[in-house]
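Letters are used for the chains, namely A, B, C and D, taken in the order the chains are written, and counting of residues starts over at 1 for each.
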């Protein structure tokens, strides 16, 4: 019998839910033991319920698993949640209340002051916020969240600069993949030969989440990062991988080679702890003049590495560069799995 | 017999050359009488030489026209030039020297101090630079240029703001269509499901051309606009239409409705003169939350109107918004045709 | 006051409904006076209710029109129907029963023995089936249908061959545009970089509709065409335009130039009657070795002409060739409008 | 020191050359020791010369390898050739003449009567043709070829049917990926939102190669398969993976389950010999109603398995179905590597 930790997945049939299943297939610590999705799926096997949209096959053990009702009764104590925000707002507290560790990819609770919003390489220390959560005190349950798929790649590229040179100003324009909108998500009639210059609430999320992630934990709350920030979000005809054109002003002036060194040498707790899903290098700088590109570079570090390229002076701020991150791995399922690994390493998963 | 002005086209078989032919098919003032392309095409009929890539048919009169050698001998006195920069650098001076009015879409001479870089709605007055050109003095010939396809949409969106509120800072990130790279241009293997975050020399052109276009003519030279500017250029899987995410800081603070009014009410010399290719409105603001989009909005004003949308406050500069412009009409062939119309109206075409 | 015939549109907000509105904007005989869509849209203006997906603007008169409930009460006597089959099956009979001329694009009633399935250039005479309809006898109302978007282009290419050489066998493989699936229709995650080798019920429709269209009206029923037929249907990443690879065996052997002549010279009743939406030429043969192509050839005859190309001998049947047809114009809205024009010309619209 | 067989690659920088390098990176028997490409690349390192277009990185040992002149002098005795046909026609004989085993992906010599055209799972016995080659007798060198990328998937799907039920007639319509045209290959302006119904010489190759592959070796020549065959070839906006809509008539009538059993149980010499690149199953039948699809199914068997689906009765022939094959792995580089493995197993590589 396996002595892995049993985990459940809320929203198991969606694009991110599928990535959870794919990433957990051979996970050394966790084992998928329970799946829930919308009422429509209940009682079906996972293979019947999910319109599987990944290139690897559904893991056989999961394919035949029955989809459970989305209630804490009978669910494992560790829950990965990949729910729409409106549903998550109700359901995640219910599971935390029932004593579950809810590792969430949803935006619903990210900005709640007692909920940690965490990228393990950036602000793993914020996990301590768990200790002030009412759920934790009552039942032992808690909620930890990871950021939006467009924020996470950006913040991984920013954190080495922020630590060494301190950010003054950040401007980011995104070109986001359609998988970020889930399934069915973006209609083909909307995106073939097109750019959609609008993603609901996305710019707001990028701006506030970036500041919370790069903020300082101060007792029971996070003081947001003090830099100025502006984001513009666009959808493009790309399957996977969010590309971002970024400009920054730094408080301590830095040369190009110092910036590249900051990225290249960046390592953090997940690398030191050798967490199973941690990439060897959180950030890789590509020196080719026309990289990173989503079609060719999203699989770096098994989709967990953020690629940066095209560093050059900015005529307005100090420097500009391009960032690329896999939006459903590093930007969603992988983000949550790495959060769970950090929780485990820190003793929060019992 | 027609009393239209005979015009020739240099680079007639390329993507922009084809647009010239399409736009001039029923032009009230100009008539295509001569076509030149690379040596390979010489002596063939146009229909044989060109790989026609437009939805409308080749105009019959042009289809059967022989492609001439690219020399001034036998060419008309008005020449539209759609040449690669390296070829244009040699060939455009040769035609100007021989007495031709060269209306160029190439980047080769745009930044030369005695060559006007003109958008008729923006800086038609710069045309006077012609009078200081050596070619003009010698043979009567001259060169007038229009800007890069990514600069022109941007500058049309900026000029109403610059005139009323004065620009302090401009940041632009482009998502450019593949037709901007000519034919065969971008390989399908490079762009399907992809974003290419690099277009050679494009950012430099956008930055310096924008300043020259919004600069002041002072005797025999143009004093560039004094604002700060930074551009980042990306290629996306769109056939036609460059989309840009723009942020600006203005010297005179303005409210959203004042900015929208500045765009909506903007009219200039081409509209007053009712030039045949001038759109009724150079700039149109779209109020839908997710527009403009290249698939749906590039044909506004028959491809000559710049669409703007999504005006909202910027967390770093003052305002941010999205700009869309048809890159091979307003951004290339249409730009040159409108320049020629302005030249005619001002008596420069004899 | 206009003396045009007032018409209504059922399913006015969908992809085909929008094409109806676009095609009827300046129609000489018909005028849109009434719009209905799903309950959700009721009471809104059309501009609010429809997610308009065409490049031309919503006609102003239609934009401000209120969406009516989908009931015959208050509806005009001529109804264009662009409903999903399951809804059409109930709703079209209700309108016919109430005395309306229902000109339908839906598949619901196409194969019903007393319902004419008509392409005016192919089998306009089948319209007489109206006279045996129970609705007609009771209230004067009736239903006329046009074929599936993939059948119509094929049949227009086949009819000149069938009339001169008689079809023995037809094989067709389609590569269909996403607009054929309506909106939102095909998810972008399903079609970017992909081919979907399945469209529900499409092959069955193509096979049986082709035979009914090329069948003989015999009193109160149509004897289907006697040729063998097989269709395979695929979805590809194209916005508009269904492309088909076709092979045929003919009962009378024909040479290539005879076949091309049959296509090129084909004219029928709509051309003789000069119906407003009839293309000058129903079928055009393109001689270039790599045409027709959807991006360049779907607008022939304002989207009403079927393009054929690449005629060459087939190693199994006699001849093979490629067919292209605009699926939302000739294949849907335009088909119905042309049917209505034929009905008017024949006195069926009062 | 490695005791692997040193191999060289002709045309190493192209799309197929890159796949060779990727597939040979950890090959148990072969080791890339020599690379040649066009003159332009000569003397550069491979990393400088190649525009690498794959998601995995260039193997470090290859990245720093110098590109050699394309002459037999100094080349290894085993050569993988990925050349354009016109160049291959000259160069492959030159290497064979110099004693090299040329394992070619080019079409130049495929139909030459003494050159084996081989798919190891289909007609491995044809390799004996080598023995009648003049090169072989003179220098020990020889040429072996693999079929066109569109033929190979088809023939793998046909061979189980041909062996059990004998083919009478085959019709195939392809929807081919752009990578099949090499790099830069298909221009993005030609394929975005489009289908191109023409690939030069492709239909001819499919028809004649299929017959040669399914033919009988009779002494020094191959008697082509006697079935009727017709192919139509289209290019679609897919990066990798050729999809084909196929119809067949069989001499021995078969039921659906017999046909599926024929595919599912098919094994051949490469499976028995456990050749390193042989897929466990050459053909897999997918039972989902809408598969195979290139985006999701091309990686089956590491790109070496042909996927088949949608078996259903054909209204003209007996059965129709969809075939999918990875065009640059099973259809090109992988085909040649498997041929080389078979040659090695049979003692032809010394």
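By our rule, a residue touches a chain if its C-beta (ideal position, glycine included) is under 8 Å from a C-beta of that chain, and two chains touch if they have at least 3 such contacts.
All figures in this text were calculated on a predicted structure; none of them were measured in a lab.
Interface comparison, B-C versus C-D: the pair with the greater number of contacting C-beta pairs is C-D.
The interface at B-D recurs elsewhere; of A-C, A-D or A-B, the pair that shares more than half of its residue-numbered contact pairs is A-C.
Inter-chain spacing, taken between the CA centroids of chain C and chain D, is 42 Å. Shared contact sites, meaning residues of chain D that touch two or more other chains, fall at 53, 192-193, 237-239, 295-296. Against chain A, the residues of chain D that register as touching in their complex are 53-56, 192-193, 239, 295-296, 299.
Considering their complex, residues 15, 53, 178-179, 183-193, 237-239 of chain C touch chain A.
Every residue of chain C that touches chain D in the complex is listed here, in rising order: 169-171, 173, 175, 192-198, 207, 228-232, 234, 236-239, 243, 245, 247, 289-296, 309-310, 314-317, 320, 322.
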